[in-house]
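Data first, discussion second: the structure below is written as structure tokens.
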Amino acid sequence: MIEVKAIQKSFGEHHVLKGLDLTVKKGQVTVIIGPSGSGKTTLLRCMNLLEIPTNGTLRVGDISLTFEENVQPKPKDMLALRRKSGMVFQSYNLFPHMTVLQNIMEGPVIVQKKAKEEAKTTALQLLKKVGLADKADAYPDQLSGGQQQRVGIARAMAVNPEVLLFDEPTSALDPELVGEVLKVMKELAVEGMTMVVVTHEMKFAEEVADKVVLLDQGKILEQGEPSELFNHPKHERTRAFLSRLINPI
Amino acid sequence: MSDHTERLYHIFIESFLPLLKAGVAFTIPLTLVSFAIGLVIAFVTALVRISPVGPLRGIARFYVWIFRGTPLIVQLFIIFYGLPSIGLTLPPFTAGVIGFSLSVGAYGSEIIRAAILSISQGQWEAAYSIGMTKRQALRRIIVPQALRVSVPPLSNSFISLIKDTSLAASITVTEMFQKAQEITARYYEPMLLYCEVALIYLVFSTVLSHFQNRLEHYFDSKSAKKGSLL
Amino acid sequence: GNNSSNNADKNNSKKQTLLQQIKDRGTIKIGTEGTYAPFTYHDKNGKLTGFDVDIAKEVAKRLGVKADFVETKWDGMIAGLDAKRFDAVFNEVAATPERKEKYDFSSPYIVSKAALIVRKDNNTIKNFSDLKGKKSGQSMTSNLSKIAKENGAQIVSVDGFNQAIDLLKSGRIDATVNDSLSFLDLKKQQPNIPLKVVAEENSGSASSAMMRKGNKDLVKAVNKALTDMKKDGTYLKISKKYFNEDVSK
Amino acid sequence: MSDHTERLYHIFIESFLPLLKAGVAFTIPLTLVSFAIGLVIAFVTALVRISPVGPLRGIARFYVWIFRGTPLIVQLFIIFYGLPSIGLTLPPFTAGVIGFSLSVGAYGSEIIRAAILSISQGQWEAAYSIGMTKRQALRRIIVPQALRVSVPPLSNSFISLIKDTSLAASITVTEMFQKAQEITARYYEPMLLYCEVALIYLVFSTVLSHFQNRLEHYFDSKSAKKGSLL
Amino acid sequence: MIEVKAIQKSFGEHHVLKGLDLTVKKGQVTVIIGPSGSGKTTLLRCMNLLEIPTNGTLRVGDISLTFEENVQPKPKDMLALRRKSGMVFQSYNLFPHMTVLQNIMEGPVIVQKKAKEEAKTTALQLLKKVGLADKADAYPDQLSGGQQQRVGIARAMAVNPEVLLFDEPTSALDPELVGEVLKVMKELAVEGMTMVVVTHEMKFAEEVADKVVLLDQGKILEQGEPSELFNHPKHERTRAFLSRLINPI
């Protein structure tokens, strides 16, 4: 589904991703963990071309692009690649001037030029799926964080992406609202959605992930099945990071 | 003294209708048309200034620099008296509309540019992430939000414009203020006429500010209500 | 320093006539525009000069005081007289009946001819009667507009002489009925200007000094000064200086 | 034609110094002094308008309403020619400063008020939580941040003010624009003189905008640098 | 130290705190937990008078205030009561226009009128205590969230409050940065600081709290020692809440 090959990304002098290879298989859930600043967000954004990699090759579905330093890829190619994936943001980023329903219909209607009626039907189905059928006409600011994030997921799914990317989708949420979002994500996984998730919810990783990837300083330090990685980490740094996460004080 | 008061009273009454007429026939249309066109110019200029096209951006910057930096009356003068020398003779009202629109466009573009830049990066990213092009993101996501932000400063500009249209007198548009001066020239009572005309301006701006409030409420009703901030 | 004497002015206003106040303070404050050549304008060195200015100076001299000129726009000139910021206005003001309701006027000190000015290439307007239906630029603050109106012209309202000339040059109006003396001065400055006078009318207006009502002695004193200077040739000298002719009739 | 050009050239050169002089002697001091005082008024008015004292707030609102709603020239007129009738005869420059300051105060208070309201509630709470009084919170925490926010819109006002000072001609101040008209009256070359004076205004506003940028950078250097937003 | 008696708080029609009694003893750490919207933040803010209770009595140290509906307490009394406590906010709320050192010195210098030198010495000691001695001259925006929150704690302590109030001090932080803040809080607790902490960090509550209070719908549902409350909750709702927290999916 996704193939990241030798991807590098620099911000000016700052070398953030230092040549990364990653394969995400269709229908699988990949969880990315790692210390703050290790490049998790940058990697995810590169997959959706919100950041343009400095070097390397990226394939999503049947579209592939190769990046070179100082060469701006064609907007058309970027758009095509980006449309293969959907993104769910840490801070939801819903459109505040639109109702929940309008938020979800925006992609199908404006980008995919679907008929309004059709888009509405799909949108309502998605809303039902994330448990918010009754909130179609609310504005984002009238919703709790957990509800907003579920709308965010529905919006991302509305354009039928082949893969969904999540950047710490629950970290801005009240602890009790985390559950409702993770539940929706788990259901998507069960239904066979391909997903890449940056998260620190270890329970979710353990139960749902097919693969856990530990990023450190712009490189993949270790990857594997969750049970393996959590219980038998190969690197000392993996162990240290995990223990800090599980036992903060 | 009572004679004088009576004279003033008569002049006031006699001039009220002509003043109001001039206001309704010239001041208001000039303001509304110029502001509407000016907004479009402001908008396009703001977009050009945040676009990646270097030369266009340079032109937009130059335009804003010139039109903010020089007096409006000079701009009107050049449009009305200067352009005929290159064969372009505009009617007074048209020349006025062009001058005022360009001025509103210059000041307004700074306001709209700031408003667009104030919309969080996350909104752009969300728009891109559902596959929008830059143009779609601007039109559907960024601009509608930016407009809300720019209502108060733009209405400051608007209220200024109502009064600035009096400069049109120098290009032979007999708007309200010019009318006041004409009447003054007959009776030699500038203070009275000025106060009278000020009163009418005050009514105009009050009514128009009222629309501003309505507009703000309209935008606000389309999203969250903010709590009291103090 | 046009305000240094305001206090004295106020303190004495009850007991003394304006003329006495003027004499006591040693200056007469005169409002004028300073932007209307050759009547009241600035010479090369920036000094206020002109026919009206010289007349006012001479009047002051004969009152035994100094003339203190205050320059402002036309509207300010009138308001300034009302607000007692000036004692008199010398600025080519015609004593119309409406104005006489509010102000006292001296006897006329200049009579100007009305000139019908058109572009050089205009051969259709040869006389005042040809104005019928033509666009004539007239300042509403002057009574020359009456002549244009009476001859059936379509009036375009202008700010003043200069603007009328601009409009005429740029072809926005067909003619202007204006002061022949102003036009002479313009010709002096710009000998090549493509405008010409096609007719003059002797019934031009007379201009007087304007003063607040209720100061009979001042008006009398000014009138006396005007009569005296006409008698002893001073007036003619000033008249010749600016116009090469006697403009008193 | 070449004769004509030469004539224009001469007039241009000859009038440049007098214009510049009038600009430096009147336009600039009038602008700077009025703006400084206007800022203080704007500031106080903004504070009153967000204060809980009802009657004062009403007065402040009334003031803003009147001074935004009526033409500046009428305000100047009343101050200079109207006040003597109640025994207050102000010198021209002083009257100008008062009129312009009050106008800047009215428009500026809206800007500053919006800026204060834009500072997050959390800043007030943090200030209160370390035991500050409302006054201390305003002075030390809220206002310094609000000032930064209001630099761009205030500088819009400032640039407008530079040119608005030309209205002072009606109250006997021979500022730059009036000077240009004096010279025009001698040579009958309004277009040339207007362009010349526009040029000087342009230089003034450019220099003064430069200070605005410096000010913004100064404020920015005192806190975080924001990334590019587009 | 703190005595909350029959405190009620309404926002308009919305009755948020419904008559609460709570005692916090000197030197003790009280942790408040409860579902979102149950009134935890409101209770904490009432203790610091950022919200004024509608009814009830509040005592902090030797100052006591009784509140009645529609009676605005005197600003002086409010100030005195508020100065007994310090507050640490979820979103840090550092002053962005001041350096770290200035943030901390602001209270002592401006509120308590201490000499600058003295305040600086204390501030530097506090910075050392929270492990940020080297960041004195940085601006808040140059710090990570965890660092900012530690500055927030130092700022709150700088005015020598008798009690420190924390409102979800770690919930805006990256999971890995949570530890550094909790560590500082634990040290304060060990040193005998009186603290009231709203948090969902169960590990922290278990290890550090003397008392855990569970709020639900504006009332105290249950309170007790952490081990007791966590392991033997009396109410079904307590159990449900705790399980949702510990096991989100």
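A few comments on the model shown:
As written, the chain order gives the labels A, B, C, D and E, with residue 1 at the start of each chain.
Note that a residue touches a chain if its C-beta (ideal position, glycine included) is under 8 Å from a C-beta of that chain, and two chains touch if they have at least 3 such contacts.
It should be emphasised that the depicted structure is a prediction, and the values quoted were computed from it without experimental measurement.
Shared contacts of chain A and chain C, meaning chains that touch the two of them, come down to B. The chains that touch chain D as well as chain E do not exist here; no chain meets both.
Two chain pairs, C-D and B-C, are weighed by contacting C-beta pairs, with C-D ahead. The most distant chain from chain D is A, comparing centres defined as mean Cα coordinates. The chain with its CA mean position farthest from that of chain B is E. Our note on geometry: chain A versus chain E, Cα centroid distance of 34 Å, whole angstroms. Separating the CA-averaged centres of chain A and chain B is a span of 46 Å.
Those residues of chain D in touch with two or more other chains are numbered 77, 81-82, 190-191. Annotation for chain C: residues touching 2 or more other chains are 75-76, 79, 82, 163, 166.
Counting only pairs that meet the touch rule, the chains in contact are A-B, A-E, B-C, B-D, C-D, D-E.
Within the complex, the chain A residues that touch chain B are 48-50, 75, 79, 82-83, 85-87, 89, 91, 93-97, 106-107, 110-112, 139-142, 155-156, 158-159. Residues 7, 81, 84-85, 89, 169-170, 172, 174, 178, 181-182, 184-191, 194 of chain B touch chain C in their complex. Partner chain D is touched in their complex by these residues of chain C: 2-3, 6, 10, 34-37, 41-44, 46, 70-73, 75-76, 79-80, 82-85, 162-163, 165-166, 186, 189-190, 192-193.
Listed in rising order, the residues of chain C touching chain B in the complex are 75-76, 78-79, 82, 96, 98-99, 101-103, 137, 140-142, 156-159, 163, 166-167, 170-172. Taken in their complex, chain B has these residues touching chain D: 50, 65-66, 68-74, 77-78, 81-82, 107, 110-111, 114, 117, 121, 124, 152-153, 156, 159-160, 163, 166, 177, 190-191, 194-195, 197-199, 201-202, 205-206, 227, 229-230.
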